[in-house]
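In the two complexes below, chain A is the common chain; its partner is chain B in one and chain C in the other.
Then we have the complex of A and B:
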């Protein structure tokens, strides 16, 4: 979700095979996709974060799936769209990148990997295949440094410094646009990425459960321990409650004001 | 919504494109370049469906460069435009038509400057001025009114500025409905390139082109 045209999050129960096949294969269950993934560049490298809920039109098929898949030591990809398609094409991309490395003795740049993935997906444009990935990598060689590309199965390929993909992406964008700068420290960047995913999971029904954060530097990618967002929700609720109590004791207000305040704070 | 505009003068072609790459309601990039350099003398501007634009434009770009490698001389703008149109036409009634709208701007030694308008139905027209996108509805009449074949470069830039001003004025309201941009952020910063006999000259970000 978040792409238009060929991606519909309530797919039909028929899939058209590409090329010359005229048979239609009925899908065993209705496929849907909803997620929040994000990635941005900063002075410390590239940070990628994603939720872990795999939804299947209303059913949480898996609350602990992996949406950030490492492709090689210095490249990770966030996945959004159809989980199976993403997993498959990430593996195909890993294979092709490894072959390139063996043939030419150097790793293909992130830009090259993005172009390769985009061209591999092009023949399937117009079919039900749905992959919306961001490739986050650190390139070596002449143009070394962090690199971030967005590749979508509808053919979009964009270079940028901040992307968020999925049904929860608008919520994440608004948090990220407020705080992401080049000069962030690693802790600050992790914190804002976690917060963005948390806020998106709060509002978007198709995102939730845990948050994964990956950090790509010149030494490769590292993964933070998976965090349960339910704990974060209760932590924040407790914090708000304490704040409210403190404010009430400092400035005792009449009951009407307090009720209005409580009503406004209702979502948390 | 994407917008392209081109104005041909006596010895130059001025083209501009908006810089936004959007995906439904989200503007994913604010500095996206929609111009593809086919050769030192030809520029292709391409808007349309998400993947088709880059795929088609890069395909044309590589083929024009291949022609030069094989034959030792470059395609003229008119030949490049007809080649592009032929490709659009060939794919039109296939299973995978390219939904792209194009402006091709070039400067030929013998024919002079040329601006070619092409659309996704594989039509081709050499025009003194042209525009693509919803913004074209608002700016073509301005171009009709003020265009003269002997515009100087500064006058052409002034004409472009009038068009951009009109887009900020009127189109923003439509934009808010279609794309929901933030108030105050209009069509985006324009990149303009001027095709002259000596090659490409690119405008910087002078105030004329900043539309905030």
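Then we have the complex of A and C:
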């Protein structure tokens, strides 16, 4: 980007990109990091879900931040890493995609957007920039259909059908690997995504608060209302209590059995 | 140094913004009138960067006014500040900003920033050295968090000013860097009302 003077496309971005100093000054303050985001493809499009906690070395800087940012009508990006980096680079990406659309009369594909973002981030490789995004989109034209790419500021650019990014991703992956299939309905997919984020927020300290779910189809993206996971925790607790009571009343003689079962009962 | 801002719609249709003077310089205003009647910006952190940043913002506000023939809206100032902060991503301005003002509809708007430009709109926010102490209090009193069965009454202007005074008095008790004076800016559609309240001087 910086050295290629002949590329008129990139010259516009050169002005406002942050300059890289040769010596990185250690920051006296911590930056916001830590999250759970996930995205997967299925027959009904692409589903993206994320928590909303923005943490800053132990302090919750913001309990209601937006980690899924719409880039244009048919492309949504999940963000992970440093909030400022993700927010600003998504903005730069939106601008470049809009310019592409105006110049060439068609929307750039998700694959193209991923390559563009990856190449824009490349000059900053080795600096402390930290962006780990999944681009979830629906492409029109010849290669119509859902599309999912993972782009990271260390240079990774991958195509896939299931990604989870962030400190809570191991927990989310286990739920997703269990349940995600191509043939899911929209409701089933939403419930798996919610469940995965919910379990990750429970176990990961840096994820929590609410869950956002975005669904991308051929008609564009739609957003489900933000859900408070605290309520979900209490609902689940109540459900388990009722189930335990029901089991106790059904098999009152087998209380021994029940106690063993209870001891072995793992969180689902 | 510590500052906090609350924004809310409702009958008062106003927004409040306050800050405390530094311990080192006995009286140094941190709340900076954004050259408009509807926005105030507060900066805490490294004072040198606060001063430079406010100078830059002031200049950009004037440039916008001259080239676009209108004053910047709160949302626009927030977006601009985000890009200004991010332009120094690798040698940041060590400033925690909060912008308070009225949006186009006349409702209260609060935008809080981190030092590298990540921002979002809130209803209330505390920033600065005592922010970790005061944010939970604001969550409880303005956001009605962690309380069961309470009525969510909208905050009136008097109640809001009183709350802010209490919050800062508490901060001055428990945070060494907060004290001396408190300047409260109440922003309503009729303009900005400023008052200075003394705090502990030790």
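Here is the rule we use: the second predicted complex is superposed on the first by the 223 of 268 C-alpha atoms of A that agree within 3 Å, B and C clash if a C-alpha of one lies under 4 Å from a C-alpha of the other, contacts with A are read in each partner's own complex, and residues count from 1 in each chain.
As a convention for this text, a residue touches a chain if its C-beta (ideal position, glycine included) is under 8 Å from a C-beta of that chain, and two chains touch if they have at least 3 such contacts.
All figures in this text were calculated on a predicted structure; none of them were measured in a lab.
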Using the superposition on chain A described above, determine whether A:191 touches chain B (first), chain C (second), both, or neither.
neither
For A:173, select first, second, both or neither according to whether it touches chain B, chain C, the two together, or no partner.
first
Tell me which partner A:66 touches in the superposition: chain B (first), chain C (second), both or neither.
second
In this superposed model, does chain C or chain B come into contact with more residues of chain A?
C
Return first, second, both or neither, reflecting whether A:129 touches chain B, chain C, both chains, or no partner chain.
second
For A:82, using the defined touch cut-off, is the partner it touches chain B, chain C, both, or neither? Pick first, second, both or neither.
second
With both complexes overlaid on chain A, does A:158 touch chain B (first), chain C (second), both or neither?
first
Intersection of the chain A residues that touch chain B with those that touch chain C:
none
Which bits of chain A are touching chain B when the two form their complex?
2-5, 118, 122, 125-126, 150, 152, 154-158, 160, 163, 169-170, 173
Chain A residues touching chain C in their complex are 16, 18-21, 24-25, 27-29, 31-32, 54, 56, 59, 61-62, 65-66, 82-88, 127-129
Note: in the complex, chain C contacts chain A through residues 82-83, 85-92, 94, 112, 114-120, 122, 132
State the interface residues of chain B toward chain A in the complex, per the touch definition above.
21, 23-26, 28-29, 32, 49-52, 54-55, 95-96
